[in-house]
Amino acid sequence: MKFWQRFLNLDRKWIFLGIGLVVIIPLLFPLRLPVKPSKPVIDLFNRIDTLGVDNGVVWVVTDFDPGTMPELMPMTMSVLRHCLTKGTPVVLHGGLWPAYIGMAKMAMDNIAVEFPDKKIGEDYVFLGYIPGVTAVILAIGIDIETTFGTDYYGVPYDSLPMMEGVKNYEDISIIVDISGTRSPEYWLMYGQQRYGVDVGIGCTAVSAPSYYTFLQSGQFVGMMGGLKGAAEYEELMERYGYPTGRRPATVGMDAQSFGHLLIVVLVILGNIGYFIVRRGERKVGIERRKE
Amino acid sequence: MFIRRTLPILIAFCIGFAMLIQYFIPHPYSERFYDIVVQQWFITIYAFMFIFAYRSFFSHHIRKVKRRKTGYIFSIIAIASALLMAVGGFATRRGDFFDSLYNYLYAPLQATMFSLLAFFIASAAFRAFRARNVQATLLLVTAVIVMIGRVPLGDYLWRGMPDLIEWIMTVPSMAAMRGIRIGVGLGAVATAMKIILGVERTYMGGT
Amino acid sequence: MIFLLILSFTISAKDTPDDAGGSITINVYNIPEGTEQIELYRLTKGDTLFEEVGLIPIFKGELDDATVTDGVLYLYKATALTPDTVYVAEIKEFASSSPEWFNKSRTSVLLFIALFWVVILVYIQLAKKNPEGLFIRKLPPLEAMDEAVGRATEMGKPVLYVPGIEYITDAGTLASITILAKVGRKVAEYETRIINPHFDPIVMTTAQETLKNAFSEAGRPDAFNKDDVFYLTSEQFGFAAGVDGIMLRERPGAIFLQGYFYAESLILAETGYSIGAIQIAGTNATTQLPFFVAACDYVLLGEEMFAASAYISKEPRLLGSIKGSDLAKSVLLVLIGVGVIFGTFAAIKNVAGNPVYMEIFDRILEFLARTAE
Amino acid sequence: MSISTSIWVWIAALLTLMIYSFLYKENPFYRLAEHIFMGLSIGYSVVILWYNYILPRIYEPLFFPPHQWSLIFPILIGMMTFGIFSEKYNWLIKYPLAVYVAGYAGVQIPLQLQTMILRQAEASFLTPDKFTSLFSSFNALLIFAGLVTTLIYFYFSAKREHGLGGASQVGIIFIMIAFGAAFGYTVMARISLLIGRMQFLLQDWLGIM
């Protein structure tokens, strides 16, 4: 019991060190545990994969900020790569809130480097932030040109060859909302419900559990949840021969596995210690709280 | 007394009721009204509340510097960083320099701050998450299953793991989430109604 | 199949219902087999030429022409192109658009709101007449609050009350302020000290008022120290670090984490646990509840927070709304229950192929679907 | 891959390490990084507020034709916020709060009612298509039981006796399973963030990955 008591009072720096190590070591020496795609991710991948050139544009939205970037940026990049390689026209929309445009800009800069022969305005388009949140979603259903006016760089909408004939949701094949916020619910309420456009999402692991309701009801086409979801999408990209960049999500999966394992072990050990110590205290008649 | 107490409540009633009724009137007048209130009024007032927060920030740090409180040097740094970002943004009209500040200072700092939680969650798992009763036990057991099952390791240990997780998420977990949502939703609607009726006045200082 | 072939390709146009005007809904029926695209044309009254409007999606057979002007009369024509034939359909009478003053598709929502409202008002009146008459069940976390304050007093330690990091607009923050009043009264009674750090200046001023009143009600206005209610910072992690610091320095005997929390919930709950304080948490942030349940002694789960604030204050307005919510829940349960009965019924009858039951069932589903729209 | 030569990457890496130094203990480097972050976020929001709200929504409509003079109203109401700085006039803040809080309350009621309540209830009806197989029937019934008992758990105006008590006991089981799942997912998200930062340090900065 003494041992356990001391063990429970272990300085938390050791735990911090442990977490640091189980994350760093697998990153340096990967095991490459296989990633098995789950149904929501497969559904989303297939939906985008079966799109032709003239099925309408894919509309990718970056509703996240640096706080959730590690989970959501790999998803954004995968979907963009998927579309560009296939030749499906893709629009990147810099989010419904002002703070998220920086993330879209970052993704755009990466794309420019990775796909030097794809032309902005012809193969892909970058639309900036427009205030209004739900009003913007509604406005896209009426007329995209009057809603945005220009692209992020100030090029007038009618000078963007790719957007010729793209008027409203009729010309959008799917909205892919990559989000660290409640925005998927807004796209659902105002875009999907009202205009019938398909919506697929990428979200953080924190919000994934609450979106299963909408997946089950078929309101979302598919979903990538957290870094695992991003890794599953990368896995599918790889299987079908698409470029995957450095596969940041897949590379992180081993670290994710071992990180979880350590936390599970900590929960179990902590509870074993707790019960042993508590039983001991009961015997001696000490009340736990006044220790 | 009237302008201090009664009038704000009257205004709250009028605007709240109007915004509610607006939802049921599709006529352009009603839509125009909605546009003006949401796009002009709300956003303008919202902007002022921001200004209020800025003032709190600057006055807090300036006071520290003036009084030479311990660590006032950090307050100088905070003010300087704020000015750097703001000036950088305005001077370059959100150009490359502003982008770089965002990409290489702001973004890494925010992401790192959040990632500290990974360490704290581990420490909390060890020190504070206890199966102190049946409920907490159930929570911890489910959490352990999900933690192992949602990563490739789980799939590696047992092939049925991913399906089990999908089942937990789509059946028992979803059912309860739905119930909680309905409850919280009803609570929010009831609170909103009380605000409009002026029976809930806590937000005005309880008077 | 044969029937379909002899039915001819037709078109209809009507003012789009429940809208702000400026739109006419066009439907096409009996789309010929093999149709590749359907084009829609429009003739404005007084003009001579048809102008092209756009393509009608084949799978929907419906298009809202949102480019019309209210009050102007239009004639519509649609052409369905198959590889070998062009089918043409035209409407007989002119159509026009106009805005509506009431959205009929939302009637049931309006009814629901009106009923809910009336129920709450009625219950508030009932509660005013007889506050003891409305029963609200006991909530263990609430019972534990007095005990926690008492325990802190015994140990000669202060009480820490964290009101979350949302603004005053949040229902959870409002409930937290009411709970603060209760805790404040107990603290004043026991003559101990309450520390109350804040994230938002406006919530802070409200809390100051509330605590001042609570101390007066307990008959100890002099014991209230305004400096113990203070603004910390509006930066999430800065706030968490600041509160952590307070916990480690002041070693409170009881910690109340009541309000809306985000990711910092875990940091606060863990530090609180590590200093051995009794922790009573409550939040309407469902994503943070798991951490509180795992690390705190008592937790008010989501809606329980609202109920708790009603229970404490025994105020008619709060009691009334809890009763109202409960009644709404009962109604929903009945609705879902009816859905189940009919669903099961329909499932059985569907197999037997009884169209009458299916009809009833479809009607109900339709109504509910409309309600939810 | 080798160590980065970009000054920006070095700055980002050093700031990251400064934040992590907090794990050892509170120290001046952490406080430096923390205060830089606090300052930057204020500065960033000033820029964003200006370019996205004030410039297009307030400044331009007010000072350029066609002038929207009606904007003066909300500006005056907004300015009442400053009343809070004075002991005597702090009641002024009730006006902007009344407009903002009550206005939002009005907007929120129908939306909450539809998405959070009615639609969720509707999705829970047992329709024939949910009984296609033995397993799906079982699931449908389980979801139904979970929803009903959860709702009963949050029923406050009756004593927990007889059936109600039992039902809410079952309800709390479902609730705790949902919390457990959410807990697991949140752990996952936090670890992912750490992985992201480590990837940055090992890959973009040190180039050893």
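The chains carry the letters A, B, C and D, assigned in the order they are written, with residues numbered from 1 in each.
Going forward, contacts are C-beta pairs under 8 Å (C-beta built on N, C-alpha and C of every residue); 3 or more make two chains touch, one makes a residue touch a chain.
The shown structure was predicted, so the numbers you read here are calculated from the model rather than taken from an experiment.
Peer 1: Looking at CA centres, what chain is most distant from subunit B?
Peer 2: Of all the other chains, the one whose centre lies farthest from subunit B is A.
Peer 1: Which chain pair is joined by more contacting C-beta pairs, B-C or A-D?
Peer 2: Answer by contact count: B-C.
Peer 1: I'd like the most central chain, judged by C-alpha centroids against the all-protein C-alpha centroid.
Peer 2: So the chain sitting closest to the middle is D.
Peer 1: How many angstrom lie between the centres of subunit B and subunit C, each centre taken as the mean Cα position?
Peer 2: Going by mean C-alpha positions, subunit B sits 15 Å from subunit C.
Peer 1: I'd like to verify one number: the distance from the centre of subunit B to the centre of subunit D, where each centre is the average of its C-alpha atoms, in whole angstrom.
Peer 2: Result: the chain centres lie 4 Å from each other.
Peer 1: Approximately how many whole Å separate the CA-defined centres of subunit A and subunit C?
Peer 2: About 25 Å, centre to centre.
Peer 1: Using the touch definition from the top, which residues of subunit B touch two or more other chains?
Peer 2: In subunit B, the residues touching two or more other chains are 20, 23-24, 38-39, 43, 52, 57, 102-103, 106, 108, 110-111, 113-119, 121, 123, 125, 127, 129-130, 135-136, 139-140, 143-144, 147, 150-151, 169-170, 173-174, 177-178, 180-184, 186, 188-189, 191, 193, 203, 205.
Peer 1: Would you mind listing the residues of subunit A that make contact with two or more other chains?
Peer 2: 16, 19-20, 23, 67-70, 131, 205-206, 208-210, 213, 216, 226, 228, 256, 259-260, 263
Peer 1: Show the residues in subunit D shared as contacts by 2 or more other chains, in ascending order.
Peer 2: If we look for residues of subunit D contacting two or more partner chains, we find 23, 34, 37-38, 41, 44-45, 49, 51, 53, 57, 84, 97, 100-101, 104, 109-110, 113, 115, 117, 120-121, 123-124, 144, 147-148, 151, 154, 175-176, 178-183, 185-188, 191, 193-194, 196-197.
Peer 1: State the interface residues of subunit A toward subunit B in the complex, per the touch definition above.
Peer 2: Residues 8, 10, 12, 15-16, 18-20, 23, 33-36, 38-39, 65-70, 102, 105-106, 131-132, 135, 205, 208-210, 212-213, 215-216, 226, 228, 231, 253-254, 256-264, 266-271, 274.
Peer 1: What part of subunit D is in contact with subunit A in the complex they form?
Peer 2: It is residues 23-24, 44-45, 48-49, 51-53, 56-57, 111, 115, 120, 123, 178, 181-182, 185-189, 191-199, 202-203, 208-209 of subunit D that touch subunit A.
Peer 1: Provide the residue numbers of subunit A that touch subunit D in the complex, in ascending order.
Peer 2: Going by the criterion above, the answer is residues 13, 16, 19-20, 23-24, 27-28, 67-71, 98-99, 129, 131, 185, 189, 204-206, 208-210, 213, 216-217, 225-228, 246, 248, 251-252, 255-256, 259-260, 263.
Peer 1: Note which residues of subunit D are touching subunit C in the complex, please.
Peer 2: 34, 37-38, 41, 84, 90, 93, 97, 100-101, 104, 109-110, 113-114, 117-119, 121-122, 124-128, 130-131, 144, 147-148, 151-152, 154-160, 175-176, 179-180, 182-183, 186
Peer 1: Can you tell me which positions in subunit C touch subunit B when the two form their complex?
Peer 2: 18-21, 99-103, 106, 109-110, 113, 116-117, 120-121, 124, 168-169, 171, 174, 177-178, 201-202, 205-206, 209-210, 213, 231, 233-234, 237, 263, 266-267, 269-270, 273-274, 284, 286, 290-291, 293-295, 297, 301-303, 306, 317, 321-322, 324-325, 328-329, 332
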